[in-house]
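Look at the two complexes coming up: chain A is in both, with chain B in one and chain C in the other.
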Partner chain A sequence: MDVTLMLWIDAALTLMILSFLYRDNPFYKFAEHLFVGVSAAYLMAVGFWDHLVPNLLGKLFPSLMSGVVPGAVGRSPDYYYLIPAIFGLLLLTRLIDRWAWLSRWALAFIVGGAAGFNLPRFLDSDFIIQVQSTMIPLVVLDASGNLLWGASFSHVVLVLGVICGLVYFFFSVEHKGVLGHVSRAGIWVLMVTFGAAFGYTVMARISLLTGRMEALGAWLGSIF
Partner chain B sequence: MRIPDTILQIDRRIIFLLIGAAVCIPLLLKPRFQDSPTPIVQSIFDTVERLPAGSRVFLSFDYGPDTAPELDPMAKALVRHTMTRGHEVSFFTLFPEGVGQIKKITDNLLPVEFPDKAYGRDYVNLGYKAGLGGAINTMVVNFRTLVNADAEGTPLDDLPITADVDEMVDYVIILSLTAGDPGLKEWIQFAGDIAGIPVMGGGTAVVAPELYPYYPQQLVGLMGGLKGASEYESALVDRYPAYRNATMEATMRMGPQVVTHVLIVLLVLLGNLAYFLGRSGPGNRAGRTGQGNRAG
Partner chain C sequence: MHHLPTTRILCGVPHLSRLLCAVCVFAAVSSQRAVLAFAALFSLPRAVLASSAVSTLPRAVLAFAALFSLLQADPVLAQAGAESGWFNTDRTQALVLGIILTGAILLYVVLASAGRPLFIRKIAGLETVEEAVGRATEMGKPILYVPGLNDMDEVQTIASMNLLGHLATIIAGYDSRLHVPVRKSLVMSVARETVQQSYLTAGRPDAYQEDDIHYVSDAQFAYAAAVDGIIVREKPAACFYLGGFYAESLILAETGNSIGAIQIAGTARPPQLPFFVAACDYTLIGEELFAASAYLSKEPRMLGSLKGQDAGKGIAIVFILAGSALATLESITGSETVREVSEIVLWLFR
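After this line comes the complex of A and B, so read on.
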């Protein structure tokens, strides 16, 4: 497509979306609906050509799909793939009220399979190794035995932050006395975390706005 | 109306205009806020730098055009660095929209800046693979089951760069540029922690806070948002001064970031000051009893 035309479409859609900052209007609605429609169509096409064709049709009918699936030439059909094909069709029974219950079998397989697949990885990467990462020395020394103040302070903050945060979510004992103070410190740790996350989100949004402003600048530059 | 009330009831469109000006003016004036790399970014640079020339690097573009302003500068800096060091780069994506992001690099940046680098010998586009974390798992278990050709359908055996790639561990590092799920987190969970391949990369500022806990044990380094990209550019320019003008995309975008952040901090302070002044003002009983908080 012509670059100038692309710049005009880019700029027009950007201005239509930004017009919502003033108030809701038909231009914004048009751009919004266009975005939803194009995204849905794109994902549907990708779903067919990148999911169904290579992962299912290419396995069941390799000679038929040899023109579009690399490596399918000369491969014999793999009929095990009839099982996921049937499960996939079962999902579509949701469209027919009388047979909709059949879709639960496929959903049960998806939920069970995903849980079984993900649980060990999350348990290992997000729990056990994370606990290991918190078991660190509070006093850090260099090779000569000198105290590294920065690293030691960092480790102390990390360990205390984790303990205070965990205590805040420990509801089996009433948060009074020492536990109350630690729990209160845990709230501060959480607030700092949320604040940092919010700061990062602001940075992300400003980055996107900067990208749009640069695009508008390129469009104006093509005119003047 | 008293001044604190006026400030608290300011039309939000005025704030939009101020933010717009805070972004546009630095873009026009182009002030430079040179960053120095923090250890978490420097460790990525050092890892790429210390790899022997010809090392196989796996670079996953796990993002689409919606987050390109943040992640494109990281992608360009990483590609420039890996290519300058003479590494063999395999581009890949777990995002359907990532295909276009890879093409921007292979069609625009590489032929212009590295004309001596050849497709299939120095870099390859392995394209998009569906399956989220499952796709990574399959690649770690049996790479060729999932990836047996490049994005154009050329068998891996026919490309010199991938002819002897049989397993994921044939890659010395995994770099991922992440806009969400799947992304760096999945590469850590399903590749780094299982196969022991060093994982590093960058993420949008929104996902960065979720990724910091993995550093340094599970994640070698992380570029968090535009700031991270800017730091990597600084590290690259420090080592290769020839890139001073080419790789300053993130650094140039830090101008609007700095000005806008200062503006937002000022607005937050002003809003709080106005709120407390309004609360302590004469005759403001509702304010004194904590009922006068007008959000927004």
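After this line comes the complex of A and C, so read on.
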């Protein structure tokens, strides 16, 4: 497609979306509906060609798919893939009222599978590694035995912050007395962290705006 | 409700999960993966099986899938290697921790099931759920529920479906309209099942509108644009954003804020929490999202599971304090004995 035409479409759709900052309007509605429709169709096509064809059809019918799946050439059919194929088809039974209950089998497999896969992963990443990273000395000395104030302070803040944060997430005890104070400190730690994360992420989002502004700049440059 | 005959039989076994656990315990004598399977069957799937979101799903398939996937899961297999059998000595500490944590959960689940009253602290965001629904009913406006961007393989989405179930029961009682735009087709299926079940439970099956739970688009910002459009056109009185969110969190929450809706958000994704805290009335922070189901249902087994998880956090605090104290002593004294003790504590978390 002509580059200038692309620039015009890009700029027009960007302006239509940005018009939402003023209020909802027909231009925004048009861009929104176009975006939803095109993306849904595009991602469906991508899903078919990038996932279904190489990961299922390419495994079940390699000779038939050798033209579109390069790795399938000379491979023998892998009939284990009939199992996910059947589960996939079961999901589609939802479209027929009489058979819709069959889709629950596939859904149950997905939900149960997610639970099983995630448990050891979360035990590692959200528990073991986190606890391990917090077992640090509260007093940090250099090689000659001098106290490193900055590093020590940082370690104390980290350990106390984690403990206070954990106490805030105790649900089965009432947060009053000492526990209440520690929990209060925990929510302060969380809020300070959120504040820092907010500023950091907003800065990152500015780059998205910059990208759009550059697109508009290129469009204006093509006019003048 | 329809099930295949085999499923009906298996679902009819009252202690199927316990039976599977017993098998796993037997296998655990020589198997680390089996112990982890045991852990999985007692903790996460237990919460999943008890949840309203999956109450309509065949539980035998759920349990089998959890067990099967756990046996294939990283990092156990990755470290054990495909041919090294069932026991991986490098991961023995995971076995010990798994037993401790799931043992604590199991203990409290049993106590709760036996009728021991369990306390759960107030969670502000959830206290206002009924108020938000009541307000929407008075104003004659709908309630918007956004279950996040993730698919059903994400624990946050499962937690979100649990909450949707509770919320739909309240909404059905108030005769308000619930609107749930979703990004993933599977989430749409589960959400429809969940809401339909809730309307049935509330005795209002006629009020259930399947089309109010609909797919939008898999594309992140197309979904955000569409939900924004829904917010400004329908002007819901209450907006719930519960699940896994990404860069669109602030876009959605700001739009909801601009129309003056009561907004309750919750996610376990730390980068998005600041935006929800800034733009919503109430935010469920991290684990509060997972505790919400137990909080709303007050179901003894879920409360027991929550109490067991608290015990796990207590254990974590004890080890952090012990590990830090030993590391500090080692740093100051340079003692070999302290280092050896420290090594033993660190071994558990290596």
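We take it that the second predicted complex is superposed on the first by the 217 of 224 C-alpha atoms of A that agree within 3 Å, B and C clash if a C-alpha of one lies under 4 Å from a C-alpha of the other, contacts with A are read in each partner's own complex, and residues count from 1 in each chain.
Keep in mind that, in the parts below, contacts are C-beta pairs under 8 Å (C-beta built on N, C-alpha and C of every residue); 3 or more make two chains touch, one makes a residue touch a chain.
As the structure is a computational prediction, the values presented were derived from the model and not from experiment.
Contact with chain C, but none with chain B, is seen for A:Phe35 once the two complexes are overlaid on the shared chain.
In the superposition on chain A, contact is made by A:Gly71 with chain B only, not with chain C. Legend: residue contacts after superposition of the two complexes on their common chain; A:Phe48 is shown touching neither chain B nor chain C. Residue by residue along chain A, chain B and chain C are tallied for touches, and C comes out ahead. Look at A:Phe153: by the touch rule set out above, it reaches neither chain B nor chain C. When the two complexes are overlaid on their common chain A, residue A:Tyr22 makes contact with chain B while staying clear of chain C. Legend: residue contacts after superposition of the two complexes on their common chain; A:Asp124 is shown touching both chain B and chain C. With both structures placed on the common chain, the touch criterion links A:Trp188 to neither chain B nor chain C.
By the touch criterion defined above, A:Gly217 lies against chain B but remains apart from chain C after alignment on the C-alpha atoms of chain A. In the superposed pair of complexes, A:Leu209 makes contact with chain B only, with no contact to chain C. Touching of chain A by both chain B and chain C, each in its own complex, is seen for residues 42-43, 117-118, 121-122, 124, 129-130, 132, 193, 197, 201, 208.
Every residue of chain A that touches chain B in the complex is listed here, in rising order: 21-22, 42-43, 46, 50-51, 55, 70-71, 117-118, 121-122, 124-126, 129-130, 132-133, 193, 196-197, 200-204, 206-214, 217. Residues of chain A that touch chain C in their complex: 17, 20, 23-24, 28-29, 31-32, 35-36, 38-40, 42-44, 47, 91, 94, 101-105, 107-124, 127-132, 134-141, 159, 162-163, 166-167, 169-175, 190-191, 193-195, 197-198, 201, 205, 208.
The touching residues of chain B, counted against chain A in their complex, run 13, 16, 19-20, 23-24, 27, 66-70, 96-97, 128-130, 133-134, 137, 148-149, 153-155, 188-190, 193-194, 204-206, 208-209, 213-214, 217-218, 224-227, 253, 256-257, 260-261, 264.
Against chain A, the residues of chain C that register as touching in their complex are 1-4, 7, 36-37, 39-40, 43-45, 48, 54, 56-59, 61-76, 93-94, 97-98, 101, 118-121, 123, 152-155, 158, 186, 189-190, 193, 215-219, 221-223, 225-226, 228-229, 232-233, 247, 270-271, 273-275, 277-278, 285-288, 291, 294-295, 303, 306-307, 310, 312-314, 316-317, 319-321, 323-324, 326-328, 330-332, 345-346, 349-350.
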